[in-house]
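Got a structure here, written out as C-alpha cells. Questions coming.
In this document, chain identifiers A, B, C and D correspond to the written order of the chains, with residue numbering beginning at 1 in each.
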Amino acid sequence: MLEDLKKRVCTLNKRLPSSGLVILTWGNVSARDPKTGLVVIKPSGVAFDSLQPADMVVVDLDGKVIEGNLMPSTDTPTHLEIYKAYPQINGIVHTHSTYAVAWAQAQKPIPCLGTTHADSFKGEIRITNFLPPKAYSDYEKKTGEAIVSAFKEFDPLDCPAVLVRSHGPFTFGRTPEAALENSLILEKVAQMAFISETLCQDNVPAVSKDLLKKHYERKHGESAYYGQRKLPK
Amino acid sequence: MLEDLKKRVCTLNKRLPSSGLVILTWGNVSARDPKTGLVVIKPSGVAFDSLQPADMVVVDLDGKVIEGNLMPSTDTPTHLEIYKAYPQINGIVHTHSTYAVAWAQAQKPIPCLGTTHADSFKGEIRITNFLPPKAYSDYEKKTGEAIVSAFKEFDPLDCPAVLVRSHGPFTFGRTPEAALENSLILEKVAQMAFISETLCQDNVPAVSKDLLKKHYERKHGESAYYGQRKLPK
Amino acid sequence: MLEDLKKRVCTLNKRLPSSGLVILTWGNVSARDPKTGLVVIKPSGVAFDSLQPADMVVVDLDGKVIEGNLMPSTDTPTHLEIYKAYPQINGIVHTHSTYAVAWAQAQKPIPCLGTTHADSFKGEIRITNFLPPKAYSDYEKKTGEAIVSAFKEFDPLDCPAVLVRSHGPFTFGRTPEAALENSLILEKVAQMAFISETLCQDNVPAVSKDLLKKHYERKHGESAYYGQRKLPK
Amino acid sequence: MLEDLKKRVCTLNKRLPSSGLVILTWGNVSARDPKTGLVVIKPSGVAFDSLQPADMVVVDLDGKVIEGNLMPSTDTPTHLEIYKAYPQINGIVHTHSTYAVAWAQAQKPIPCLGTTHADSFKGEIRITNFLPPKAYSDYEKKTGEAIVSAFKEFDPLDCPAVLVRSHGPFTFGRTPEAALENSLILEKVAQMAFISETLCQDNVPAVSKDLLKKHYERKHGESAYYGQRKLPK
C-alpha cells in the first residue's frame, strides 16, 4: 500500500545525510497520505545507505503499525501529535542539523534577523517549553504536545519550523518535500543568525515587523509575486 | 536573440549553487548586452538544475519582457536601477551567501582588514540605508535606488559589491563573469573579517589607506603589475 | 594472522581522512582480537592512501611486535594502557578532529548541552590531568594512564570518549567500528557545544541529569527502545 | 630546463585550490633547484585549471627570467629574499587560506595551544612587522625582508610558517612538497586556535615549553621516533 508515498519518503530520508543535515542514522522524514490519513515514516536506527522504499513503516494516527516489517522511528509519537493537531500538515522532518541544534541547546529561539529568514518563516523560530521529568514515561508523545503548545493559535505553516528545547529542530510542510526544503532553509538561517549575533555580541535588532511581513508575503501572501505565475500583459 | 549571452548567463546562474553561494532557488545573475542595451536575467523561482539558456528572460531597461516564456526574477527592478545608473556595469550578481548575509543582518559594513579585501575592493563594503515601509509598494526598484545612493560619487567598479541592509549582497562587473568572481571574493572576505573581528573582540583596526591603495592599484591601478602583460626587458 | 581484523582496521583507518576527522597521516585506529588478546594497529606515519591490510601491525599487550614489517603507531602504548585497563573495550580511535582538539586546547571538558550528546555519552566528555614533564620519558604510556585515571570507577563504555589535555580525543567501543562512530559523534557534539557556548557567551546550562539519563537509556539502557528489536504486538 | 621540477611545482600549485587553501588565482608555490640555484615559480594571475608545467617560470635569485613565456608571480621578489637568506629552504608556498589570513588581519601571532601545533611548529607562528609606506616602491622585496627579520637567529625550518601582517601566510620546507604540507597544517592549526580562543574568550594559556619541545622533538628531534625507521629488536 502507498507505494508511491513510500518511495518519496525513502528518497527524502536519504537526502538527510547527503545534504549534510545529519550523520549516521540521525533524523527522520514522515508523510501523511491525505486520502487514507495514514502516515509513512522511516524505520528506527537503520542506515540511510541501505534504506529501501519497502523498509518504510505505515502507521495510523494512534501509532499502530499497519504495514512494515521494521519498528518505526522512535520519534513516531512526536510526528503523530503534530499530524493530529494540524490537518494542513502532510510532511514532517526531524534533523540534528548543527546550527539549529546549537540554538536549541542554547535554549534560545532563533530571531528573525533578515530577509533570508523572513522569506520562509513569519517570525522567530519558536522553542518548546521545558519538559518536566514526570512527562518522560511518554516522552515522544509529550514532545509532540510541547511542539503543538509552542504554536497555540498560530498556523505552523506560516512559520514551519520549531526547536525542541535542548534537542533539535522539526520542520513541517504541506508535503514532505516542502518540509525537507524548510529543514535546509532553517539550518542556513540558524548559521547566519549565529554569525550575525557573534558579530554584534548578541545585540542584533530583529528585522522590523514591516520588513518581515513584506518579504514573507512577497513569497507566500495572497498577492505573492515570487516564482512563475503569468507574464504581465 | 542574444543567444550567446543567454548561454553565458545560464551557465553563471548554475554556478551559484555549485560554488556554494546559495541553496535552493536563491540568487540571480544578469547581464546587459552592450550593443542593444537589453538585459538577460534568470527567471523567478526556477530550480538551477533544470535551467536552460532558453529559459533566460530578456527585458529592456523599463522592465518590459522582450523575449522569454517565464517571469523574470523578482529582483529584476533592482538590477535595472543599477544598470540605468552605471553604464560601465554590464553584469550583476545577487546571492544569499552565508557570511555576506550575516554582515548585512548585523547591519554593518564589512571593514577592509587586509590585502585579500584590498586586492579587489577599494575600501569597506558599503551597506544601504534603511528602506522605510512607505517604499514597499515599489520595493525592488527602491532597493536598487538605495544601492545607487550608497555609492554617490564613487565608481562602483572600484568597490564592486554592496550589502542591502538586513538582506544580502549584490556584486557588479564589466561582465557577468567578473560580477560572479566578485561574489566569490566577497563571501571569502566576509568570512575572514568575521573571524578576525571575533579574534579581536570587535577591535581590529582597518588597514591603512596606504596599504589599501597599494594593493588595489597593484592589481587595478594605471601601473598595475599583477597578471600577464609583457615580460620586462 | 588475524587477516579479517587487519582488513577491518585498515578500512577504518582510511575512513579517518575520508570522513574529515584528520588530514595527512594524523590519527590511528586499533582493535583487539577478543580470542587472542592481540592488538592490530596502524603503522606510524604512513599515508592513508597507500595503506594496505598487510601493513597493519600486530602487537601484544606489552607492545611487542608479533607480526608486521612496519613500526606501529607512536601512540601504541596509549592504546595498550586502555586495553589493559578495560577488557570490555576492543576498539580505540585517536583523531585530531578540529573541534574536539579545540576543546582539548581550551583545556575544558565538553559539557553535555543537549540530547545529541546525551544519546551517546552519559555525561560530559572528560579531560585528562596535566602530565608533568618528568612523565615524558614514557610519554605515550603515561598518556594512557592519564586516560584511565580520568574514568576512575566509571565504565568508559558509558561515555566512550576522552580529551587528552592540550592534545586531542580518543574514543572507544566494543568494536573498532563503534569506536569510529563515536569519533564522528564526538566531533559533531564538540562543534555544536562550541556554537551554543558562543551564542550564550559561555553560560549555557548543561542539560538536567534527568534528560541526560532519559536520552542515554532510550538508546543504551536496559529498556532501550531505539533501533530494531521486535514489533510491538 | 628543470622539466621535472616544473612538473612538481605545477602539480603543487594545482593543489592549492583543490585542497581548499585558495580560490580563483590566489597563492603560489615555488621551488629552488639545489644544483643550479634557479627558482621555478607559478606565472602571475593564471587560472589553476589551465596551468601546464611549461607555463612555469624559471628565474635566478636576482629575479631575471631565465626561461618561460609568462610573467612570474607578482610575489616572486618575496620568495627570492627568503631563498637568498636561507640555503636550507628549497620550497615556499604562499596562500590566502581563510583562518591563517584572519589571524594575519587580526595582527596577532598564532599561539601554540596544543600538540597539533607543536608537532610541526616549534613555537608561535610569527607575524611580520608593519611595513612603512616608504617601502612600497619595492613592496614585494621588502615583504621578503620583513619575513627574514621575523626569524632573526632562529632556523625557519624549525617553525616553517610566518604571517605577513594584514596579508597572509607563507610556509617553507626543504622541498616544495614539505612547504605545501606545512600550509595545510598551518590552516588547520589556525582554525583550531581560533576555536580555542573563542571558547576561552581569548585567555587560553599557550602550552608549556616542555610539552612543546617534547612533541616537536618526537617528530623532528635527533631522537625522533615518529614514522618508519627500524623495528626495535
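In the analysis below, contacts are C-beta pairs under 8 Å (C-beta built on N, C-alpha and C of every residue); 3 or more make two chains touch, one makes a residue touch a chain.
What you see is a predicted model, and the numbers here were worked out from it, not measured in a lab.
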*Rounding to the nearest 5 degrees, give the angle of the rotation that lays the CA atoms of chain A over those of chain B.*
90
*asked:* Using Cα averages as centroids, what's the distance between chain C and chain D in whole Å?
replied: 32
*Just curious, how far off is chain D from chain A if you go by their C-alpha centres, in Å?*
46
*Which chain C residues touch at least two other chains?*
198, 201
*Could you tell me which shape the graph of touching chains takes: line, ring, star, complete or other?*
ring
*Note which residues of chain C are touching chain D in the complex, please.*
23-24, 26, 43-46, 65, 69-71, 74, 96, 98-99, 101-108, 131, 133, 136, 139, 166-168, 194, 197-198, 201-202
*Note which residues of chain A are touching chain B in the complex, please.*
113-116, 181, 184-185, 188, 191-193, 195-196, 198-201, 204-205, 207-208, 210-211, 214, 218, 225-232
